[in-house]
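Next come two complexes, and both contain chain A; in the first it sits with chain B, in the second with chain C.
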Partner chain A sequence: MSAMLLNKEKWPEFVEKLAGKNILAPQADGDAMRFAAVAEGDVPALDYNNTRVPPKGALFPQTETMLKFQAGGEQVEEPQLDRETVVLGLRPCDARAMTIVEKLFKWDIDDPYYVRRRDLSTLVGLVCNEPGMNCFCPSVGGGPASTEGLDLLMTDLGEKYLFEAVTDKGEALLSETRDLMEEADGNVAKEKEKLVSEAEQKIKRTVDTEGVAEGLPGLWDDPLWQKVSASCLGCGTCTYLCPTCHCFDIQDETEGFDARRLRTWDSCMFDEYSLHTSGHNPRPTRKERTRNRISHKYSYYVDKFDVIACVGCGRCTNLCPVNIDIIETIRQVKEAL
Partner chain B sequence: MKTNENPYIPYPATVKETWYETGGERCIKTFKIVFDDEKVREEWSHLPGQCAMIGVLGVGESMISISCSPTEGDFLRFSVMRMGKVTQALHQLETGDKMMVRGPYGNNFPVDEWQGKKILTIGGGIGQAPLRPIVEYVRANQDKYDGLTMIYGARTSNDLCFKGEFEEMNKCDDLSCHLTIDVEEEDWSHNVGFVPQMLLDLNPSPENTIAITCGPPIMIRFVLENLKKLGFKDDQIYTTLENRMKCGIGKCGRCNAGNMYVCKDGPVFNYAVLKEIPEAFA
Partner chain C sequence: MKMDLEQLRKTAAEVAAREDVKYLIGWKQGTYGYRVAPGFIADAAGAAELIFSPLCTANLATYLTLVEQLPVPRGQEPDDRKVAVMVKGCDSRAVTQLLVEKGVEREEVIVIGCPCPGVVDPVLLAEKYPETEEPVEMKWDGEDFLLIRGDEETKIGRDELLAEKCRLCRYPNPVVSDIMLGEEVQTWELAEDRGVQELEGKGVDERSEYWAEQFDKCVRCYSCRNVCPLCYCQDCILDRLNPTWVNRSVNFSENTAFNIARAFHLAGRCIECGECERVCPANIPLGKLNRKLAREIRDKYDFEPGVDPEAEPFQASFKPDDPEDFIL
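Entry: the complex of A and B
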């Protein structure tokens, strides 16, 4: 796999070379950053910490048309998904989250929308030189320069970007833009190594997950769930902003006779999520819903897919309006074991 | 994407026959349907216990138990209680109308494993819908099973489903059908009392027997208790769960009971497995 250097002066030309593809990159959205389509001629800047909303929408849009039809009809039409997409500058944790979610979307039966979007996408990651204050990716199997889930990894070396191909798809994108770049030599590898180890040292928060997956089911009636969920508002922010949260609702929407079946992100923190039509709810309060959210990520998912469904991005902790901290929650779980 | 590669695409089926099982606000209507496409008809295969997503385009879809056995013929049957938006729209369908169907989903009752055994079904209300395919399956393969006993109850005689079919059963030596309603009614010749009590009164032997129960959660709880009293072991007992579902194929998340997805790991569970999942009886 190739390793190439791009002088930052040539960054606009690099982006220009990708014209025709759907380019998603972090862009300012009010006071936060968010992945959005790059308008023709625009040059996205990659000097950002992480986006508030993860880039999971690139493969799993917040709202996605599944089928189009006439209300009351019997013929359905599928959306055409054929535009190549390049996601520029996503963080390694968010790419790792995509590999985790993909396990579910490919479990026995392929989810055609997710799989198709992944096939059409090239994921270009960006090493975290400056991890955030609630980042804890190394504790859950990741790292600031993890290549898992990526096709191509970029490292910001100051004057230059280092591009390292991870997959054939990444290699193909490099070959399209190769004439703007120069080969990277051995010194560059050392430079990158130094940056990464500095970044790793900047990650101060950790979780100890040992025994958590096996132990969580036994804590079913533990008072910790009451404690952890006591301040929860049930707003769903933790799930919407979680790069591994993949739950969705399916609804039909009609406008006259034109109708579509769509899916939208849903949240296990909402009452309606598991509400039966009879009025019975197996998870009637935020206590049960919190227990399910944590158990799903740290135990059920491990049981099914052999990986913790948390990548340590820290978003749920950063943005919880009542300061519920997943690291603290897992610490309490450990304590109760 | 080719059509048959997308599991979310429902197939049109024609309603061949419909009738009401029960009346009232939450009435239950049965639909007998046949897929329009010959290829879909040929490729479709289900076993007792499985479900399907049925619906109307522009309104939505709901996961409903397939309430017929494959031994009955080249059609599907669904018995639907009128509860919400989708079931309301389904209830408007009449003979000749189109229903959109995808599936079959979930695991099935291990009817092959049960060969040579006595089968005991214990149902309450609409809970008889997933049990009916077992009754029909055993009825069609009587030489392979050591008889079937069916206990079925509802609040009133008007709330019993499939009433017309039970008379036939009692004509067979190996099949017996025991009906019960909660309160006394005029002209009611069967039992009066709750299902779990009737189970105790009948006192079936656990010897070489498989018990399957489905009904309201409170009924299931007492039936399980009474089966234990009668000496049934955990692994002789099966039940079928339901939870809210959207996708039916283990993607949308919501139907889990603990680490089990009801749509994929269930809906049929052996009690030995189920009793380890506290959320299963939540």
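Entry: the complex of A and C
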């Protein structure tokens, strides 16, 4: 696989070369950042920590139209997904999250929407030089320069970006833009290694997951859940901002005679999520919902797919309105084991 | 700031230990950096972790109506002990408005008032003084804020960090309380509401474009609704499926329906605690929207919610001499 260097002055030209494709990149929005489509002629800047809303929507949009039909009609129309997408500058944790989510979407039968979008996408990651306050990716199997889930990895070396192909798809994108770049020599690898090890040093918070996956089911009736969920507002911030949360709802919606079937993100923290048609709710309070959220990530998913469904991006902790901190929650789980 | 922590904790311990009290809700040090977390204190010992500082932005009054009420199992009596809640001036207006609306009954709550010289804007704070993983303490120091990290104390000018809601605050002292902690604080000179003025200065098209851009970012996590002490309908239109008032699809149209519906339902009820804007992960300036409506109601109807527990609820009152006859 190739390793190439791009002078930052040529970054606009690099982006220009991708014209025609749907480019998603982090964009400033007040004091937050979010992934959004890059308008033609715009050049996204990549000097950012991480976006509040993860880029999971690139493969798993918050609202996905599955089919369209006319009320009372007999024809259904399936939207065609055929536009190539390049996600620029996503963080390694978010790419790794996509590999975790993919295990579900490729489990018994392939989910056509997710798989199609992944096939059409090239994921260009960016090494984290400055991890955030609540980053703990190394504790859950990741790292600031992890290539899992990526097609191409970029490293910000100051004056230049280092591009390293991870997959054939990444290699192909590199060959499209190769004339803007120069070959990376041996010193570059050392330079990158130094940056990555510095980044690793900057990660202060850790989670000890030993025994958690096996132990969680045994804590079903533990008073810990009441304690953890006492202040929970029951909003969807932790789940909607989580790169590995993948639950969805399917709804038919009409506008006049125009109808469509769509799927939208859903959140296990909502009352509606587990509400039965009968009116019974097996998870009647935030206590049961919190227990489910944590157990699903740290135990059920491990049991089923052999990986923790948390990549340590810290978003749920950063943005929880009431400081429910997943690192602290897992610490309390460990204590209760 | 004339309230000391010892007094606060002693009072809280006494209240939490009372037999007729289920628990006391106060603020405690969070898990890292500047974070403060709501604390549910069930006994005297728990009161030792309570704090009151410029970092206590959260409006705890929301928990009065957030409790899930499960059916009481046969043979058991419902737990109708009181809940005690610590409130700043703005938070106390939420309690008052809940009393007006009969969302809570007076005898169900014990209100512990904390006169408040103003809290910090957590985003501004973290921007200027980077957050650390170690918990940090903050105090009021005369007119200023004092940031304490280990042995290092940094004095920060009030204007530098004061939250926007506090710049506009006219009720720093709780308007309702059973127990008042510390001494009353002096009200301060109000800042102009630049956010709302700026919006009012825009033309209709420009304003519509502005909000289109804002609502487009909404991820419909409903944190604004859930954190709001006055968004407490047991049967919220957003959750209704039959009929579905607001579709589950996330797009500009549905997001607008949601945000505008919420704003209208809060007109004459919003007490401007700013929690919706603080918690919005999409950075939507919801405060501006709600303050604009609050201003309309204040200017046009001479009504302000959450200041008088005996007041008639604005949206549910009718005057026989109303100049509009359509209502009859």
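Everything below uses one rule, namely that the second predicted complex is superposed on the first by the 334 of 337 C-alpha atoms of A that agree within 3 Å, B and C clash if a C-alpha of one lies under 4 Å from a C-alpha of the other, contacts with A are read in each partner's own complex, and residues count from 1 in each chain.
The criterion applied here is as follows: a contact is a pair of C-beta atoms (placed from the backbone, for glycine too) under 8 Å apart; a residue touches a chain by one contact, two chains touch by 3 or more.
Given the structure is predicted, the values throughout are model-derived calculations rather than measurements.
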Room on chain A for both chain B and chain C (clash or fit): fit
First (chain B), second (chain C), both or neither touched by A:31: second
Chain B versus chain C as contact partner of A:76, first or second or both or neither: first
First, second, both or neither for A:220, with chain B first and chain C second: first
Which of chain B and chain C A:247 touches, first, second, both or neither: first
First, second, both or neither for A:98, with chain B first and chain C second: neither
Partner chain(s) touched by A:188 [first = chain B, second = chain C, both, neither]: neither
Contacts of A:274 with chain B and chain C, given as first, second, both or neither: first
First, second, both or neither for A:90, with chain B first and chain C second: neither
Chain C, chain A and chain B - angle at the middle CA centre, rounded to the nearest 10 degrees: 90
Partner chain(s) touched by A:237 [first = chain B, second = chain C, both, neither]: second
Minimum distance between Cα atoms of chain B and chain C in the superposition (Å): 6
Contacts on chain A seen with chain B and repeated with chain C across the two complexes: 249, 251
Touching residues (chain side chain A, partner chain B) in the complex: 66-67, 69-74, 76, 78, 81, 104-105, 107-112, 116, 217, 220-221, 246-252, 254, 259, 261, 263, 266, 268, 273-278, 280, 282-283, 288, 292, 295-296, 299-300, 303-304
Partner chain A, residues of chain B touching it in the complex: 1, 3, 5-10, 12, 36, 56-61, 83-84, 87, 98, 100, 217, 242-244, 246-247, 249-254, 256-259, 264, 278-279, 282
Chain C residues within the chain A interface of the complex: 30-33, 35-40, 58, 62-63, 66, 68, 70, 123, 127, 131-133, 217, 219-223, 225-227, 239, 241, 244, 247-251, 275, 278-279, 281-283
In the complex, chain A residues that touch chain C: 29-32, 34, 52-53, 62-63, 133-134, 204-205, 230-231, 233-237, 239-241, 249, 251, 253, 262, 264-265, 267, 270-272, 284-286, 317, 319, 321-325, 327-328
